[in-house]
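Input: structures, listed below.
Below, chain A partners chain B and then partners chain C, in two separate complexes.
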Partner chain A sequence: MTEDIKVDKVVDLKGMPCPMPIVKVSKGIKDVEVGQVIEAITTDPGALADFPAWAKTSGNEILKTDQQEGLIKFYIERKA
Partner chain B sequence: MFSGDLDKALASLIIATGAAAMGMDVVMFFTFWGTPILRDKGKKVGGKDFMGKMFGTMLPKGVCEVKLSKMNMAGMGTVMMKSLMKKKNVASLEQMLELAAEMDVRIYICEMSMDLMGFKREEMIEYPNLTFCGVAKFLEEAQNSKVQLFI
Partner chain C sequence: MDQKTRDDLLKLFQDKLNEAMKFYLETCTRCGVCTEACHVYASMGQIKYIAAYRHEIVRRIYKKYFKRRGKIWPSVGEARELSEMALEELYEAVYSCTGCRRCMVYCPFGIDTQMIMSIAKLLLIGAHTEPEILTLLTDTSVEKGKSLELFKKGFLTGIKNLEKEVVKKWKIEAGETAIPVDVDGADLLYVALAGAVPAAAIFNAAGENWTLSFFEAVNFGAFVGDPTKTKLILDRIVDEAKRLKVKEVCICECGTAFRVMKQLSGKQPFEVSSITEVHARYLREGRIKVDKSKFREPITYHDPCQIARNGGIIDEPRYILNCLSDDFREMSPEPKYNWCCGGGGGLVALGEDNLDFRMKSAKVKADQAQETGAKILTTACENCHTQLIDLNSHYEMGVEVKFLSSMVADALMQ
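Presenting the complex of A and B:
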C-alpha cells in the first residue's frame, strides 16, 4: 500500500507527452535528498515502459507503481 | 543533425533532452541543412555576397520556419502539425531548444556549412553551450560515446 511510503515531493506530470515526463522527473528528483522519495503522477501510458528505463539508467529506484483511472503514479527513491 | 526538417529536428531534440534526463552527456552537431535551424530570426547581418544572400533568403531562418519532410503541402501541413502539437501539448522546436539549453546539452555547429551557405556567427541563436567547429570535434565526441545518431 501507498501508506507505508513517505513521499517528500509530488511531481505533477499530468497531460504531458514524451519526453516531458522523464525530463521533469529527472529535474524533480534533484529537489530531494538521496534516500528521499518523490511521487510522480502522469497520464502518459508510455511512461509505464519509460520510467523503469529512466530509473535504471539514471540509477534511481521505483519503489512502487500505481495505476488508477488513467493516472499512473510512480514512487521513486533518489539513489544517485 | 544533418536534416533541416521539422519532424527530424523534433525527433533529435526529443532524443537529446531525453538522454540528458537519463543522465547522459549530450552533444548535438548541426551540419548542412540542419545549420539554418539555429539561425536567430531576429538578427540581421549585412555584408553577404550574392550566394550568401540567396541562401539566407531561401533557407529557414530559425526553428519557426522549419518545414515538415512529408505532407508539407505548401506549408499547410506544417501549420496543421504545429497546431496539432500545441493541442496535444507536444513541445515546439523552440521550447525543445530552450529545454536542451537548460539540460546542458552542448551544441556544435559545422563551420564549413556556415561558410558554404554564407551564414555568419552573429546571426545564430544565443545558446549557452555553443561551439563552432569541424568534423574532428564531432568525431572526438562520437568516438567517446556509446550512442551516435545521424539524423
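Presenting the complex of A and C:
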C-alpha cells in the first residue's frame, strides 16, 4: 500500500517530455540518502517503460507504480 | 595521464581513422569560410566556437601520434600531447557543438565537423569523462532492449490509457483498436517517443495498417558517441520490425532517431521513413484531409538539422504546411542554410546544466524565427521542440511552438 511508503522527496515531472523525466529523476534520487524514497510524478506514458529500465541500470528499486487518470507515480528507493 | 590510459585512448582514436576521417583531418586550409557558419560563433563571437578551431583540437593530437612530422618535431608540426588538459578542451569543443553540419555545407572541402567530433566523444567515453547522464540514458535504452518483459505490462496499460485521447481526435469504428501494438504482419511500424496520440489519430484517419513499437525512437548512444551502444539501441527496433514482418519503419519527430535508422541500419527488408514524409504522402494521396481554416496566424518552420540538412527531408514539411496554411513563411531562402536550434548533439538532454549556454548560443535562431513575423513556430523534432520552447521563453519571442504532426492531427477532417 502507498500509505505504508514513507516519501522523503517528491519530484514533479508533470508535462516534461522525453528524456527529461529520466534526467530529473536521476538528479532527484541523489538528493536523498540511501534507503530513502522519492515519489516521482509524471504525465509521460513512456516513463512506464523507461523507469523500470532506468532503475535496473542505476541500481535503484521501484517499490510501487500507481497509474491514475493522466498521472503516473513511481515510488523509488535509493539503493546505490 | 598514465601511459596505459593514453595508449588505450589512442587505440580508440586509431579505430576512427578511416579514409574519410583522414581526409577531414588533413585537408583544412584554415580559409575561414566556416567562421560565420556556426550558430554558436555567430551568437557568441568567441574564436573557440569556430568549426576549424574545434577541428584543430583533434587534429593536433592526430599530428602528434599519427603523423611523422608531429612525432619527430612536434612544435613545427603543431602537434599536441593527449593529456587531461587536452581532454578538457575536447569536452568543451564537442559539447558546445550540436553536430548540425551547417559548417560542412559552407566548407569548400566539405569537412564534416560532426565526424571529427565523434573522435572527441569516443575519447571522452574511453577516459570516463563524458556527461554521466548521457551514458545513463544510453544504458537505460540498452537495458530496455534486453528486458522487454520487465516493462511490457506497464507499457501496454499506459498505451491503453491514451486511447481515449486518440479517439477524441479521430473517431474509430466499434471493434477497432486506437493504438495497435505488436501486430504481426502490419504494414508500418511506428516508433514513437513519449506517447503516440497525434500520430495514432492520423494513422487511423488514413486507414493505415500500423502497429506501435515497444521501444522509444531516440538513440542516446548516438548523442554520447558510442558506436557499439548506438547499434544495440538501433537493433532493438530492427529486430522488432523483422519479427513483425513490416514493410516500413516510420520514425516519429526525432531528428537523431531518423538519421540513425535511415543511415546506419544498413540494408533491411523494410523502408525507413520519417513521420513527416508519411504525412505528406497521405495528403498527396488524399488519404487524409486537413482543414485550412484551423490555423489562421502566420506560420514558420524550423528545419531540424538531422532531418533536413542531414536527412534530406526538406520538401515534405513545406508541402504539409501549404496544405495547412496560406501564410507559411520561410526562415531562410535556402533551407539547407537554416540555423540550428542550438539543442542538438545531446545538449538538450543535459538539462538545466547547460541552459544558459543553449540560450546564448542560439540567439541567431531566435532572431531568424522572429524576423518572419510568424506567430506559430513549428518543427518536426522533439529535441528542437524543447529547445525552441526554452528560446521562446528566454527571448520572449511571443510565438506558439508546435509539433508539425500535432498541427496535422488538430486539423484532420473526419
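Just a few scattered comments:
We take it that the second predicted complex is superposed on the first by the 80 of 80 C-alpha atoms of A that agree within 3 Å, B and C clash if a C-alpha of one lies under 4 Å from a C-alpha of the other, contacts with A are read in each partner's own complex, and residues count from 1 in each chain.
The working rule: a contact is a pair of C-beta atoms (placed from the backbone, for glycine too) under 8 Å apart; a residue touches a chain by one contact, two chains touch by 3 or more.
Keep in mind that what you see is a predicted model, and the values were worked out from it rather than measured.
Judged by the touch definition given at the top, the superposed model places A:Lys14 against neither chain B nor chain C.
In the superposition on chain A, contact of A:Pro45 is made with chain C only, not with chain B. Within the superposed three-chain model, A:Gly59 lies in touch with chain B and out of touch with chain C [touch as defined at top]. In the superposition on chain A, A:Lys79 makes contact with neither chain B nor chain C.
More residues of chain A are in touch with C than with the other of chain B and chain C. Judged by the touch definition given at the top, the superposed model places A:Ser26 against both chain B and chain C. Applying the stated touch rule to the two superposed structures, the overlap between the chain B and chain C interfaces on chain A comprises residues 17-20, 22-23, 26-27, 53-54, 57-58. Across the complex, chain A is touched by residues 14, 17-18, 20-24, 88-91, 99, 103 of chain B.
Of all residues in chain A, only 17-20, 22-24, 26-27, 44-50, 52-54, 56-58, 65, 67, 70, 72 touch chain C in the complex they form.
Residues of chain A touching chain B in their complex: 15-20, 22-23, 25-27, 53-54, 57-59, 80. Chain contact summary for the complex, chain C toward chain A: residues 133, 136-137, 139-141, 143-144, 147, 150-151, 154-155, 157-159, 161-162, 192-195, 214-216, 218, 220, 349-351, 382, 385-386.
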